[in-house]
Structures are given as structure tokens and as C-alpha cells.
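Note that subunit A is present in both complexes that follow, paired respectively with subunit B and with subunit C.
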Partner chain A sequence: MKVRPTVQTGVNQKRRQILKATGAIGVAATTGAFSEVIYAQGKKILKIRAYGDLRSLDPAFSQGVIDEEIQSCIYSKLIQYKPGREWGYDLDAAESIEQVDATHIKFKLKAGIMFTGGHGEMTAEDVKYSFERIINKDLESTNAPDWGTLREVIVDSKYEGTIVFDDAYPPAWNIAMPYIVGNIISKNAWQAAGGKVDTTTPSVSGPYTHKEWQPKQKTILARNPDWHGGDAPFDEIHIFPIDDENTAQIAFESGDIDCTRVSLGSVGNLKASPPENSTLEEYPSLFYVWVGMNVENEKMADINLRKAVQHCIDVPSIMQASYFGAASPSTGIIAPGLIGNRAKSNVPPEMNIAKAKEYLAAAGMSDGVSLTLDVLNKAANVTTAQVIQATCAEAGITLEVNLHESGAFWSLGDSSAGERYKDIQLILNRYSMAPDPSYATAWFVTSQKGIWNWERYSDPEFDRLEAAAKAETDNSKRDEMYQTMQSMMEDSGAYRFLTHEATPVIFRNTIKPAFRPDGLPLIRGFTSA
Partner chain B sequence: MMDALHRISRDPLGLLGLILVVLIIASALLAGLIAPYDPIKLNIIDRLQGPSVDHLLGTDQLGRDLFSRVLYGGQVALKVAFISIAAALGIGVFLGMLAGFGPKWLDNIIMLFFDTIRSFPTVMFALATVALVGPSLGTVIAVIIVTSIPTYGRVVRTQTLTIKSNEFVMAERAMGVSTTRILRVHILPNVIGPLIILASMDIPTVIALEAGLSFLGMGVKPPTPSWGSILNDGYTLIRNTPWPIIAGSIPLVLITLGFTFLGESLRDLIDPKLRKNV
Partner chain C sequence: MGLYFLKRVALSILIVMLAVTLLFCMIHMVPGDPARILLGPRATPELIASLSAQMGLDQSLPIQIVKFFGNILRGDLGMDVITNRPVAATVFGQLPYTLWLIFTAIIFAMLIGIPLGCYSALHRNTLIDRITGVISVACITAPSFVVALYSLLIFAVTLHWFPAVGAGDKGDFWDQVSHLVLPAFAIGLSWVGYLSRLVRASMLEVMSENHIRTARAYGLSENTVVYRYALKLAVLPTVTVIGVGMGFLLSAALFTEIVFARPGIGKLIFDSITTRNYPVVMGSVLVSTILFVVSTTLSDLINAWLDPRIRASL
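And then the complex of A and B:
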């Protein structure tokens, strides 16, 4: 609907005009005419939500999933995650790629992949530059650990190269090449820009280019006419940073975005009465949630007390109360579908108060004990904490729940941020995860004490297994090693595994989305239906 | 007292305020007798139920009876309000009289203290304090006391400054009466009336602040019921059930109306200019 401005004289006329215009805008908004306007302009725009704002367009300084969702649209990789329910990869910039032995991966690039901005064709030199700069200590890339034991990339010809590792590094296929550090950038462009970039980029080679970033508002990507894969499906992609899932759902329902993750609490309602012309899909998630116990704390040093707490926690009740029955109990830190996932945990998900009391008696605490549980102040966590508090009370364990805002919470276990790590007794925690088991166990080795290992768990055998599993190329052996490691964690009493949560996503039927098996969007794979 | 009650009863809004205040205070004090359930007892099977004969206001995400939680939440609200306002009033009156009656240098120091505290926005000050020392009922009370002292102190100081130049005070001084006695016997009774009104009108503000902090997870610790934490549950569950929001907001609305109407009625009663029937 068009509102043609006309020149009016007199206050009343103006007022009426404003009222009319406002009314027209209101009608347009309620009837969804705005989207018609967008299409009338001849642009196909995908509007999607991200849970945070852009922080960097440099793969070396990318801050996790949020930046990667944008970078994966504008840069090419040798391989990309395959959309669907099973983990796998599709070739992108690589015409062929193979693991020739434990420490060598050979690749051949497709010919004719062009970088924008006149930076020429992509060659093996660009791959070498892109990968090696990440592990260059002078650059101090925060993502260097993702490349594991990478030594170098040898350029064999214009399009061919060999990725060389010091030791076998199977996670390269799961968390390096198809993820953040696998983005290939233009050597020429980056060197001209001084070796690193921030929130702008000098050159891209993916299906979209970075058009504009409006901080805290949106990131706009535009179709790259020179993309080697043909015509990208959308003229523009608008990525909106919306932290809160309920807010994102409102944005979806009002037509402001075409796709978002929704909260687990909304799943029941959305299934019962789905918004018109939309689809809800549920994916398992890789996140892992657990209650950790600080083994170095004076009270928690007694393994019997830790085991008593393990048996006091009723995971099925938590699934109902905090996750609305939309998530399942976990058996460890490695989610189903990944190497190393356990079929069942050593401690059953259901509480066993009698057993808990036995352990309490063994700890000499039959008369009860008071402990603290530190929690990040978010709705699901607070609910979980209260369920734990109630069930622990049945065994005689009084829990004091300490809520923390995110800044205070994430520095709790950090030994460089003061002495507070010593006071942690029980802590409800949740870490994100990439699709390789090494990404989960890496945080619980002895050297991570006071960094991410807030339970201060330490076992030389665990450390040995962690290093060995990372370099093991036989998947069945890896599987066994990671399962053993999770058993060791659980047997130490320092961990009560709760869930991997779930990822419910909703999208409009006008688009055909592409998701990883854990429900994260692969935006470059979205098309219109 | 009976005369005051009689006067209030003739003002419809004042009477409504009095009834609401009495009702809420009584329901909080008698929560142990009235509440049909333990406010912290979980019943996951009966979670997120609507109002019924068993659960008058329904249940929350943990199956806890919302009516019982509202009643016990009243205890927390009133505990915070009465303790913090009484303490702030006591300290404020003392410092205010000291500033008004004492030497100029002491007045300057106390006023500097008042102005410093008042320069912090209350909610910001509360959030910063809670972030530093951790959330608890004690922290909330302490924050309210500290931020309320200057309000009462300033009123008392001004009143004291006015009264101290009166002839009867000068006469007392001439007779060699001690400062303490002058303050206690002659000044305090003259300044306390308006303060009581001020305090009664502050009660809903203090309760709203406690509820606000608890809403943000920075007030009382779980599982203690608070109207603010009930509201927070309601905010989270708004797409599932409206009842926690309703349960948390009704008492806040009622107590605000009650104390405001009562306070205004009391003010009319004390201020001769506003007394219509004198």
C-alpha cells in the first residue's frame, strides 16, 4: 500500500492526514503488506535471528557460532557441514579431499573461485595463508586450539596442497575444516589490510558479501554475483541479534523474522497451535548441562558426599520442570550421534534417596549437611536449582542457591579472577560444544583447573586418555576411550550429568532452511521454498 | 487513635486503604494458618495448573501452590518493608535532628553524606550492591535502609531547623535544659507526625523495590516465595499460563493502593488545612 504525501494547509488537515497515514501504516502492518512492499521492490530477503551480535569477520578472531554463522555465508571452506540429521560434510571449495595417512590431508581446489574486490582467484597459497596464520603465535588467534596439531600446509601446485599435522588429528574433519578456522581468506587482501581485520572484510568468496553492519540492529549480507556456486538464493540476508528466545518468537510471529530457535517452554504451545504458514522442527542439541562438585573444596573433598549428591538429583523431574519434557537426560558430556556417546550413565537418572543416605552415612554426615549451589541467573537454571534443592532436602542435604548474573558467574571458577573458585561447592553449568568428542573432554584435564575445569578434577589417567584419544584415528577405539573418560568423570563423584537440552526451531514455509544435526542454522544453505 | 480511625472511616478512599492494608497484613501474618499448602513443596505432576478448588490461583512450573506462595510472599514483603523503613526512620530522625540542631560543621558533614547517597539512583545502587555482596534478604533490607535514610533525614532536619528558632526552645536552652532532652521532649514529637505519613506512603515503594530485585533474581534466594519472584516465573511462563503473573501482581497492586489511600487519608487528617470537617 502506498501513501502519497500531499501538501496540505491548516492544522486540521495535517492532523487528519497524519491520522490517515498512521491508520494506513497500521493496516499495512497488520495485514503483512510490508513484506509485499519488500518483494515489490524486487528483492528476496531472508530475515533470520542470531542470538548475539557480530564481533569479528576475521576467522582468526571469530567469537564462536554467532560470527561463524555470518562468516560461513561470505567465505568458502574446503568442506562445509552437510545439512540434515546426520553429521557429515559436503565439498565446497575443494574439488577433492582425502586423508592420505594419519598426519596428511591432500586437497585440490576447484578452479575459478574468485575473491571479490579484484583479489583474484583462490589458490592453494590462500589456503596455506588462511590456515597457518591461525596457528601463528604472533597473531595470537583465539581459535588456534581448533587446529590442534597442525604443522603447515604445503602448496603442491596452483590448486593442490597438503595439510600436515605433527600428530594425527581426526577432529580436523569435524571442528576445523568445516567450522570457524576452515574459512579461506584472500592472502592478497589480508596482507593489504595489514594481516587482520575486524568487523569489515576486504574480500570474500562465498555466496554472499558483507554489505552492512548496524551494531545491535542487524547484519546485512548481499548476493555475491561472482560466487563459484552460481546464483545465491536470496538478494539479501538480514541477520538480527536477538538474545532472548521469547522475544525472538514474538519477532517471528509478527513477521519480522523468517526463522528462529524457540524456547523449550514454547514447544508444547507451538505444537498445539502453530503459527500460520510455519513449521516447527526439533533437533537434539550438543550443549551439555551438569552439576559439578569442587573436589578441592573442604566439604566436597569427601567422595561419599559427592556421590550422595549425585544420587539426590532427580534428572527426570528436572527435564519436566525446567525443559517442559522437551529434553532428555544425558549420559555424559558427549551427545548422541557423536563418537564417544554412552548408552547409559553409571548413576541412573532417577534419584535414589536411600542410596544417597547410605553415602551420607559413610561420609559421617547422617545428621545432614549444608552446601551451596552456584547458578547462572536464567529461568531454566533457577528452576533446575530449585528441583535439586528440594530433592537434596529429602536426604538431609540443605542447599543454599546462589544466583549470579552472567559476568559474576563466568568468573567464579577462574583462578586468575580471585579466590572465589575455592568457595565453589556445587555448580550448575552448561558448556557449548562442537561435533567432535575432543571438544568436550578438553576442558576437564588437569591443566584446565581454574580455567574451565571448575570442579578441579584431576586424574593423570584421564589426561593421558584425553591426549591419546585426540590423536587416535580408529573411530571404534576413540569411541571406547571417550566413553571411559566420561565414566571416570562420573565415578569421581564430581559430576552429575543432566541433559544436552534440545533445539526447537521454527521457520516460515516460504523458505527451505538448512540446519546442522544440532539445529544450528547453516544460513548459506537456506533457499526459498 | 479511635478519633483518627473514626475520621478515616468517614473518608471512603481512606477506609478502602485501611481495609486493604489490614487484609494484606492479616493474610501475611496468618499465612501459616490460611495457606493450604507448603509454599516451597514441589509437585511436578500438578505443574502449571489453572485456578481450581484445590489451587485457588493455580500452580507454578514446579507445581507449587501459587495462593500459598502469594500469602507467604506477603511475609517477605512486609518483613522487608517494616524492618527497613523502621530502621531508616530511626537513623534518619537521629541524623536529621543532629544536623538541624547541631553545629554548622556537623550539619555540613551529614548533608554531604545524605547528598552522596541520594546521588546514586536507588535501583542502580541496589543492583551494584547485590552484584558485589550477593543476593539475599539481608542485602535488600540493607540497601533500602541506606537509600531511605537521607529522605527521612532531610525532612527531619528542615523541621528541626524551623522548630529550633521557636521561643519555647530558646527558653528551654536559657533554662539550661540538655540538648538530648530538648531533642527528645520538644523537637521529636513535633517532627514525627509528618514522618509517619511519609513512611506509610513509602511502604509500597519499598515493597515494589524488593519485588523488582527479586524479579531480577537479585532479591530473596530461591525457594523463598516473593511476589517479585512469582512475577519472574510468570514472565518466563507467559506463553504457557497467565496465572503466575496475575498471582504476583494482584497483591502488589492492592498493597500499593492500600498504603497510598491510607497515607493520603492520614495526611489529610494531620494537615489542618486539608481537614474538611474542622
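And then the complex of A and C:
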């Protein structure tokens, strides 16, 4: 392994030292050594990109994936997502864990898990404090819904406890315990810090400690010498917030980072001529993209018009034009690999102009109709809108595309923000989700009308199924229920499902990465190759 | 000079107040509920209402403006609602990165542009003057983000001479310098062209004036005439342009900070606007407006100091 040459620090640099370092950089540059090393400043450092900057180190106020990528490195959980192509979990702080009945999960902690900062050993009391504080209304945690029907955690002994739910809550295994709200914090440390923290943390128990946050530049994690799992693979992990994927790719190619997600548009080029000493892998994503139709809009209230639009949209063309062939058409809002994913959709992905015209005739619009399509101003969305515009025109539907910047777009369907929600006719939308089907369907129930249900779709049977499926412990029944719900959405004509996109990631061969089945990095699982 | 200074400072304060009020109104007219955007999809209506109140959004716009200025007078820019840090800490943590970038770009532009313009003027209508003219115009027309992308591809990706992203490790001066080279080059290049053209035109004008002819008639050496008498006057318009140029460099810095994933006030404003983090938006806008006004005021004061006719004009 070659060692990355470094320039000595300090302003009082001697001329000879500078020349020596410059020479070394020159040699490294000409030999391509930059692309082969993961050592810097004499330390073994993993440099990885995140798509945003740290916001909070408190699991109660963590704002999604970006914070979780950091928190999962510094805190322990009872279970962690298992790296690989299939969803599952590995034990972390738990020595054993078991669903004893529909509403009770029993766990036993490993002995000797130490919190840093002299805050002692992790006990069941810490688990109780960590989980219950999130559902405590006084704390106003935005992540409370992830714990679903959690009632309490009963401490059975120093290391043993029972998680108790009011009603069965299977998503606890998928989106609670191995994700954001499953991070276990030190009760002592948090209480001493006043009950909540922001971008610093008083104590950790994971493989890495939080060393430093340089806002808008990087977060530095350092090896935790007291980690119960042994020696963490890297001395330090540097997490760079780079929101633009093309910039991230340039940073990877220049040797500044060791791993990043890349844009779908660059997958073809990277496959044809991959950067030296690197590997490109493609994972399916959990995002779901669809064209929604506002059923309460005067024009769109006619189901025949909605169905005409469904048949006008040619999903394979969108996959080629907007996703460069790197993504596949979806069958609903639940991604492959998850409970509830459908093998095929009711409306075929290919457009059927003849059928669209039949529906238009049934709607009394044989002479054509003008509609609007609201779109967030991202490149893929704009291309998708243009493809839809072109194929709709073939059936006689004239589409006017309205572009919005993100802040304006994400309040379009919000009925508390004015009357604009009424004007939505067609909307190209994209939601993210966690690996449980309940996370996808929750936004389309009647109570979400005017909040996140912008199609204003409402069906009592859908609402009933949504509530029942969330509490169903039999996975095959659950699977069936979620499939039915997606069929109902599609049959309403209010949805044309497009894709789950894809997550292409590139990494240097000097590291052995660990990814979730949806391609998100599990940074604590990264090792050197 | 003292009266001129006082008048100029009073005018600057008025400009800052007007600009910030205008921006305050514009930001609040943009659609999108900040509390909802900040809290994300799982926020309850109670949480949204609570954050709105925390941000003062439940009050009327005039009251919000008055409170904002009241807090400024007390030195309080409010709290960043995302990270719960004081806005002043967030903004002043990012400001040095942008200032370094702008100053380095300006210094780079001055070091190349002024001698180039001077040389062109002294060799008027020669081949070198024409080549310099073409290069200067090419520099002016090249957008900074295009220069940024190509410099990244050439110097970072292909040649590995400089790092591509970030601002370098804290406390490591040389690392920070190496991270500054490409961004400063990207935004400074067009200014090389501007300054070169400006100094050339200005020099040509000054060189034809009577006092220069008189100096030559006294038998002073050409170097003394050019560097001691002519250049001093020819540089005057450059000082004004650089002052005004700070504003343009702030906008160029935004693109550069995004392309180079570099911290800075431009990137901070951009991120805060997209997340509707109003306290940070207003804090950053206030600081960058002050920065802009201070730089133009300074250039006016320097001009007035160098040229007494300007002092009499205000």
C-alpha cells in the first residue's frame, strides 16, 4: 500500500520542506498514486460523500439519511441493517432479541458496552430512556411516528428489557430498531446535557466517536478505542457534504473521496471507461416516482380523463430519456424486495394511445383537452415532463408544464398554505421511504389530503386496509394487503407509477464498502480491502 | 475629508437598511411554508405551529421587520432553526471562506490584469497588444462556472495537481492554499480580462495628458513617468471597479462554492433559501449586504483620498 504524501503543516514551512513535498506530490500525480491510497497524514482515513450536511446528532431530531449515516457510526442499536442485496438485520448491542407476541419484543444487551466520557456501561435503562424520550410529546420529536404504537420499554434486569406496543407494529423491525429512532444514547449523559443535544454529542458507544464538525465542509469521526466490537477499521472517517452528484464524481475521480453515489446519467460512461482501480455497483432504490392526478380538480374529477392520461404515459421512454436506461419501470409505490411489491401493474408500462383516445371519448373530450403538469425543477423531472408532454399530445392532450423550485414545489398541495392545491391537475412527484411498506402507503390515506396526499385520493377501504396492514404480523397477509392497496390506487386513475429509480455507487478498490439493499452506505461496516 | 466620510457612512447605513428590508419582503413572498419544509413530512400540525411561532412567522410582516432590526441593534441575529446554533456563529463561521476566496481572486486578477493592461498600453497597436486584447476579452466572456468545471477536469481529475472539493484541513495552511487555487482561478479569471482592459484604456488616457508630457519634457526616465505618475492615476478607476466588483464576486462565489463543494456564505445563502431557514437567510443576506456596501464605501473613500475633486462632489 502506498502512503499518500502530505505537505507539512504550519505557516513557518521551510523552503526545502515545501520543495520536497511538492516533488512528492508531483511524483504521486504522475504515477497516479492519488487514486490508490486511503492513507493520509499517517492515518488510515475513509473519505466518503454525503449528499447534505450534518443537522443533528440527537436521534430525536435527526433529519433523515444524512444524520443517520453519521449517527449509525457513533451510536449502537439493538439491531443494525445487514449489508447486502436483501433486507435483513444483524445483532449489534443486543445479544438476543425476539418478538414474543404481537405487542412484545424481548431483548438482552451484550455485557460491557461502554459509553464514552465516563458515562458507564449500557444497560436496559438506557434503551428505555432512548426509545421512550422520542415518543414523549414534550420533547416534540419529529421522528416519533417511526415508533408507531410504542407504549413503553420495561426494564427486566440490568441487561434485559421488553419493548411494549399498544397494537402490533411489525415496522419496528424495519424502520424503528435498525434506523434513526433505534439509536441508543446514554441516559446519564443526555440528562446531564439537559435532555437534548444538537450538533455535538456528550457520549457515544459505536465504533467511532464524533471528533469534529466543520459546517458545510466535513464531519470527522475518529476510532472509538472503547468500542465493544474491537478495533474499528479506520482511524478516521471524513464525511463530505456534496449535494451535486457531478461534483461528487469529480471529487472521486480526482482522489478526494473514496466512495460516492453517482448520477444515473454517468453510469453508461463509467461502465464504458471506469476510473482506474474502482468498482461501480448498481442498487435498486426505494424512492418512488409517479404522476399524480388531483381527483378533486374540476377537469380531473372525470375518471375517464385520468385513465386516458395513464395510458398516454410511456414509461419505457421515460426510463431511457430521463434515467438513461439505468432504472426500471415500477409497479407501484413499494419497491422490489419489500413486502407488498407487485409483480406487475394493472396499466402496462407502455403507452396505449388507442385506449387513451377511447377514454377521452368516454369523457366527452374527443377534440382534445389542455392540462397542467407541475414539476420540481430537477433535470430528470424536466425531461420526464417533456416526454409525457410529447406522448400526451399524440392522444390530443395538450400539457402545460409548470416548473417550481423546491420550496415552492413542496408546498403546492399543502391546503394550509393557500388555495394553490386546487389548481393542481397533474403533478410529477417523488417520495423517499424507509424499508417498510407502511412508510409508502401512509401518505395516501384520507387524513393526509392537503398534507402529502396531493391527489386528494380518498377511499374508506384503502384507509381501513392501511391501518390493518400496519398491524398485521403475518407477512403473507401483509403482502397481499399492500398489493391490493396499490391496485386500488391505480384503478382510481389518480396515479401513474413510473419508477423506483436506481442507486449507482462507485468506490475505490482499496476499500470494502457496505451498502443497504437500496445502495445507501452503512458506513460503520466499511473496511479496507 | 471628515465630512465626506460621515456622509458616506450615513448613506451606507441607509442603503443596508433599505436593501435588507426589501430582501426581507421578497423572501417572505416566496411560496412555501418554512416550518413544514424544515420539519419534513412526519411533522404534526402542532409541531409546525410551534416552529412557526419560534421563527416569529405567526406575526405580521411589519412586526417581523421591526423585531429583526431591533435584534440586530442588540447584536442578535437569531437562532438557526435547523442546528439550534446562533445564526451569527453559522454566518461568521462561513464568511472567512468566502472572503479568502474573493480576496485571492482579486489579488490574482490584479497581479496579472494590471501589468498586462499597462504593458498593452505602453505597446499600443503592436501584435502583443492585440493578442492581449483577444485574451482579455476571452477571459471576460468565459463564465466562472464553465472555468470552474474545466479547471476541475484538467487540474484536479486529469493532472491531480490540486484537490477538487472542500476548503482544506483547519490549521493546515498549505492544504487550505491548495484548495483555494482552482476556485480563485475560476472566479478571478474574468477579472484579469476586465482589469487589463480597464488599465489599458485608463493608461492611454493618462499618458496623453499634459502633466505626463511635462514630466517627459523635464527629462524624467520613462519608468519614473509610467510607474510614479501615470500608473497612480490610471489605477483610480480600477479601485472603484474592484469595490463594485465585490458584489459580483459574491455571486460568482456562490456558483464556485457549489461546484467545488466549498463552504462559504454564498452556499450558505443558497442552502438556507432552499430549506426556508429564514433566520440564516436573513443573517447571511445582512452580512453580505454590509460586505458589499462596505467595499463600495471603502473604494469611494480611497478614491476621495486620492482625488480631492471627488470629495467636493458629495
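What we mean here is this: the second predicted complex is superposed on the first by the 488 of 529 C-alpha atoms of A that agree within 3 Å, B and C clash if a C-alpha of one lies under 4 Å from a C-alpha of the other, contacts with A are read in each partner's own complex, and residues count from 1 in each chain.
As a working rule, a contact is a pair of C-beta atoms (placed from the backbone, for glycine too) under 8 Å apart; a residue touches a chain by one contact, two chains touch by 3 or more.
Because the structure is a prediction, the values reported are computed rather than measured.
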| item | value |
| --- | --- |
| Touching partner for A:D474 - first (subunit B), second (subunit C), both, neither | neither |
| First, second, both or neither for A:E281, with subunit B first and subunit C second | neither |
| Subunit B versus subunit C as contact partner of A:E95, first or second or both or neither | neither |
| Touching partner for A:A408 - first (subunit B), second (subunit C), both, neither | both |
| Comparison of subunit B and subunit C by subunit A residues contacted | C |
| First, second, both or neither for A:R420, with subunit B first and subunit C second | second |
| Contacts of A:G255 with subunit B and subunit C, given as first, second, both or neither | second |
| Contacts of A:D166 with subunit B and subunit C, given as first, second, both or neither | neither |
| Doubly contacted subunit A residues - partners subunit C and subunit B | 405, 407-408 |
| Contact set on subunit A toward subunit C in their complex | 7-11, 13, 18, 21, 25, 28-29, 32, 34, 53-56, 63-64, 140, 142-146, 198-199, 214-218, 240-244, 247-248, 250-251, 253-257, 405-408, 410-411, 414, 416-418, 420, 431, 443, 452 |
| Of subunit C, residues touching subunit A in the complex | 30-34, 36-37, 39-43, 45-47, 50, 82-85, 90, 93-94, 152-153, 156-157, 159-161, 163-167, 169-175, 178, 258-264, 267-268, 271, 273-276 |
| Subunit A - residues contacting subunit B, complex | 246, 249, 265-266, 268-269, 317, 320-322, 324, 377, 379, 382-383, 385-387, 389-390, 400-405, 407-408 |
| Subunit A contact footprint on subunit B (complex, rising order) | 40-42, 44, 47, 61-63, 131, 134-135, 216-218, 221-223, 232-233, 236-240 |
